[in-house]
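In the two assemblies presented below, chain A is common to both, partnered first by chain B and then by chain C.
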Partner chain A sequence: MSNNTFGLVARFDSPAAVMHAAEEVRDAGYKHWDVITPFPIHGMDAAMGLRRSLVPRFTLVGGITGFTLGMLGIWYMNAFDYPLAVGGKPMFSPMFAFPVSYELTILLSAFGTIGGMFILNRLPMHYHPVLKYDKIERVTDDEFLIVVEARDPKFTPDGARKLFQKLGAKEISDLEN
Partner chain B sequence: MSASHAATVSHAPAEQPRLVNPIVPLGVGAAGILLTLVGAFMASSPEATTRVGYSWLIGMTFWTGLSIGILLLVQIHHIFDAGWSTIIRRTHEHWLAVFFPLALLFAPLVVLVWMHPGFIWKWTDIAQVGGDILYTKKSGFLSRGAFTGFTIAFFGVWIWLSYRLRKASFAQDVDGSADHTRANRVTAAYGIPATALSLTFAAFYWLMSLEYHWFSTMYGVWFFASCIRGALALTTLLCIYLVSRGILAGIFRKAHLLNLGNLMLAFTVFWAYITFSQYFLIWNANIPEETFWYNIRETGNWWNVGLILIFGHFLLPFLFFLQHPLKKKNGSMIFICTWILAIILLDFFYNILPAIKVDGAHGDPVNFHVTPWDVTALVGIGGVCFWAFFNSYAKQRCIPVRDPRIVESLHLHE
Partner chain C sequence: MSQAHSQSSGAPILHGAGVLREVEPAVLPRPKLVENDRSFAWITDKVMGIIEGPTPRWWWWSMAVAVFVASFTVMGLAYLVSTGTGTWGLANPVNWGWAIVNFVFWIGIGHAGTLISAILCLLRQKWRTSVNRAAEAMTIFAVVCAGLFPVFHTGRVWFALYPGFLFPFPNSNGIWPNFHSPLEWDVFAISTYGTVSALFWYVGLLPDLATARDRFFVAGRMMRAKIYGFFAMGWRGSNRHWSNYEMAYLLLAGLSTPLVLSVHTIVSFDFAVSLVPGWHTTIFPPYFVAGAIFSGFGMVLTLMLPLRSIYRMNDLITQYHIDCMCKITLATGTMVGYAYAMEFFIAWYSANPFEGFAFINRAFGHYAWAYWTMISCNVITPQLFWFRKVRENTALVWVLSIFVNVGMWFERFVITVTSLARDFLPSSWGYYSPTVVDIFTYFGTFGVFSVLFLLFVRFVPLMAVAEIKAVTPQADAHAGHGHGEAHH
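Then we have the complex of A and B:
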């Protein structure tokens, strides 16, 4: 196995076939692998054994940061750094700081979500070895791929190839880095 | 729809022996109503009788509010041509049988406005409020005739819309025509504005006018938010119950439960947004006719009730519904839906009860307290609602089997 091998790719021609194949690859214990489909397939997350996305954690951190920043910012500006009485109201009250904090909660939640999605997907990614696959355009239309990466500890070219053959792959090819 | 599918639905409605006999909730309801009446007539003082009247108003507000929410959910389903909620919609339609009984149960309050002016709504006693400029300026709106006429009209709108929606949906079970779906979409198109207006003015007449000096433009939206939240919680409980009885087993799936949970998250935030906005605008403008409503709710133990509402009505459900796994478990959803219904009831206490003053006039409100008659009124009216629901369930199918979108709903995925 040369260092130039990214992994092995198998092509399937129906959502049912790729779903079944994904379950088998999952059960075979592979960790670094992916399914590439032209459209979302219901139940694929479970078939691949994926956990729920961690993006909501980033959203939560963003939201809490936004709320805290809003409250602290208004307290600092209106009650601490330059005390300012407006309309007979207290120098600081969570009441009037609330709309701003709420907006900042939403804004930073959105930033957290987008940022988290970029970080977890390692975006931006301008090149991926699977783009070299000669029938990649079919995978944007009506065919389905499973890619097992060479860096997977369980990966051997023969083992993966045999598994794909057993699963009825339409075509199996090597992928270069 | 295939021929074989059409053949399977041509049988008479399947037997549903596992459901509660409608006589049971009717008996419970009648007992509750009778006990409440006993409470009213045995009361030791006029104030105690008035308090029983308030129990009845709280019970009516609670059950009517939930039912309005369900009426809106059905119409929202139709106007958006929704697919996923088709199987839930039939349970809603069965619940919509409640409006006629509710109208009859509301009637005593209207009769009392004429027989005992000022019994619940102070402004109905013209002799008492006639010299009050803050009343006379509103007397065109707040008159006994308008109150009576509009209350009849509100129930008329709800009964009429429920009748239309139910009739077309049940007729579709028989002939399978898509025309019924279209007819219901048309009903929803005019029904949603009609329901929105009627629930807003119902909230003005029944709840807001308890303090006739006070006014809030957010009040109708606040009532709407409570109605929808309560309706979603009630729907979830009913569906989980029907699954446990085998009626909706395999039909009402985890994906439906999750969708209901997501909607409840949305309306939890919506309720908080509306309720905070009402408080914030009044706090900021600082006008005495408006602020007194919140001032009296900071006296006595109402302060604590207010805090319970902030944390229990908003924060707890909000944090709960952010947890994806909790929205897919029956047990946790039963807990939070029961909690939401209870806290909505507390919110109605918070809105209604402080209208009773310690000195009977304009002083401090009575403290928050629950009487046995609150419980009997709630159980009495609720029992009648469940009677109407189970009665309808026994007569018609449990899902709209020939709805064009039924297959989509049966195969709902997350």
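Then we have the complex of A and C:
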């Protein structure tokens, strides 16, 4: 094990196997580790001990911004900066400003949601050690990985390897930075 | 408890419930979403094979035809811009003609894509996974076709994009757009709809682009690996990512649901907020939304059935999928039929002579031919989907889906033109006919749509591979462990 080691990676061939293994790795007390799967596995968040995603907060901020922007913007444009008298209607009313504000709420919520997802996931990240794994094309197809990172305080090469062997990993290998 | 053995089940059992205990509710077999128990790798190979294999000959022929048809739109629009909007058939009193009919038609088509991707996601309808990618692509391309009409009806089209005309920038006199107008609401509804649909589609694509990247890399096709890799943004399938991704996907579904309902609602406001008889009705928003979903499912069937047979996708788009889509078409078509009847009823019940005349005129006036085309395509055609024999006859379903498309175009034509051609003042009554420029421009949009859709079929994974895998039985990590979470 050199300093160039990112961690130890184990390959599994079924969702049930990787789920069971993830529960064990979680219980072994590792912090810097991950499960790599070709599709989202139902229940894996609990098996990894992940907290609820923070994406909704970004959504909320986006939505509030959108609605405020719509209402204030329309008030500014049609009632303040250049009052526009049309059909005897009031210069400003939340009624006629609602449809546009509603759409802007949704638009900015969507921006918040997607932006939040990319920020929380640290994407785009075109370089990552996991992508150098020699069978990565299987992992975006039908196989499953567990990666334990070398920077984890509990990480020892032998300890992690033994754990993976006990969990029935199909293949165990080092992953370089 | 007289029956000691019943206590062993752990549940308290009432006296005299012995019969009920023996009667088990029938367990209906769950339809398989992927037939023949295909493996994960089979699904990947099947869908990715389309973009990895050589370009099929039919694709080139279809592309040639599509480009030829699309050139009609290019010609129509070039002639319009160089000559003026007088080349369209609009004349008093019909100042809304083909442009808005075609706009509403195309926007409506898009709605099925969002229904499948968003509403069916919230309702946990797992069958959506094999059709949602293509249906969302259809949505985006339909919005592109729809958008051509409002943009080009301005004539000098650069002014539409120029600050102040559609989007809120003050014009040269410092006047901002008029937000009292439903037409301005529509600008926001349509642009939000297009943007959010495209983003939703792209987010759904990320995992499949990563799969494509890795497969092209292994196959040594580096140019493609780089292009798909660029768009995959370094997706690596990390479960920490999936956790945020699934939350974002759910939220986008939750946002798209009110969005799609609002879009056609606001489109219907273009009509309903006016005072024209036949337009000024409160039934318009729900009736437009139902009609939009109806027409959209017609188009989904029109597109997916040929693709299913060309690419032999019968294991992924099963008879169950076709049944579901036919039934939604039936349900929304029936709602549309109900709305037609209700419009007539209210026209009579309101005791408003103008309203009454507008509807009698629709059914028996100069445009009766359009009205009865609409009724036969939209009300009668979908009723055939009650019959299993019809739903199982793929060729017949395809033909019926074309009728749905035709009928829904005529619905917009009937609504727009009949009310305007016979307005309040008999001296100004007229008869609207499209010009050759109108017809070319509209005909060509089918080519524009087809060009975009063919490019999609060739270069983008046609189905959401990761999502399909996630709904197969073997993806269930709890299977056989008795966690009780296997089914929802």
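Criterion: the second predicted complex is superposed on the first by the 176 of 177 C-alpha atoms of A that agree within 3 Å, B and C clash if a C-alpha of one lies under 4 Å from a C-alpha of the other, contacts with A are read in each partner's own complex, and residues count from 1 in each chain.
Here is the rule we use: contacts are C-beta pairs under 8 Å (C-beta built on N, C-alpha and C of every residue); 3 or more make two chains touch, one makes a residue touch a chain.
Since the structure is predicted, the reported quantities are computational estimates derived from the model, not experimental observations.
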After aligning the two structures on chain A, examine chain B and chain C and state clash or fit. clash
So in the superposed three-chain picture, is A:Val130 touching just chain B, just chain C, both, or none of them (first/second/both/neither)? second
Which superposed partner A:Met71 touches (first chain B, second chain C, both, neither): neither
With both complexes superposed on chain A, which partner does A:Ala28 reach: first (chain B), second (chain C), both or neither? neither
Which of chain B and chain C A:Gly87 touches, first, second, both or neither: both
Touching partner for A:Ile172 - first (chain B), second (chain C), both, neither: neither
Check the residue A:Phe39 against both partner chains and state whether it touches chain B (first), chain C (second), both, or neither. second
Any idea whether chain B or chain C touches more of chain A? C
Mind working out whether A:Leu107 is in touch with chain B, chain C, both or neither, as first, second, both or neither? second
With the two structures laid over each other on chain A, which partner does A:Pro99 touch: chain B (first), chain C (second), both, or neither? both
Both chain B and chain C touch chain A at residues 42-43, 52, 56, 87, 89, 96, 99
Given the complex, residues on chain A that touch chain B span 42-43, 52, 56, 60, 87-89, 95-96, 98-99
Going by the contact rule set out above, which residues of chain A touch chain C in the complex? 14-16, 18-19, 22, 34-45, 48, 50, 52-56, 59, 73-74, 77-78, 81-82, 84, 86-87, 89, 96-97, 99-100, 102-104, 106-107, 109-111, 113-114, 116-118, 120-121, 123-128, 130-131, 136-137, 139-142
Would you pull the chain C residues touching chain A in the complex into a rising list? 39-41, 44, 168, 170, 174-182, 184-185, 188-189, 192, 195-196, 199-200, 203, 207, 210-211, 213-215, 217-218, 229-230, 233-248, 251-252, 255-256, 258-259, 262, 266, 269, 466-467, 469-470, 474-481, 483, 485
The residues of chain B that touch chain A in their complex are 276, 279-280, 283-284, 286, 322, 324, 413-414
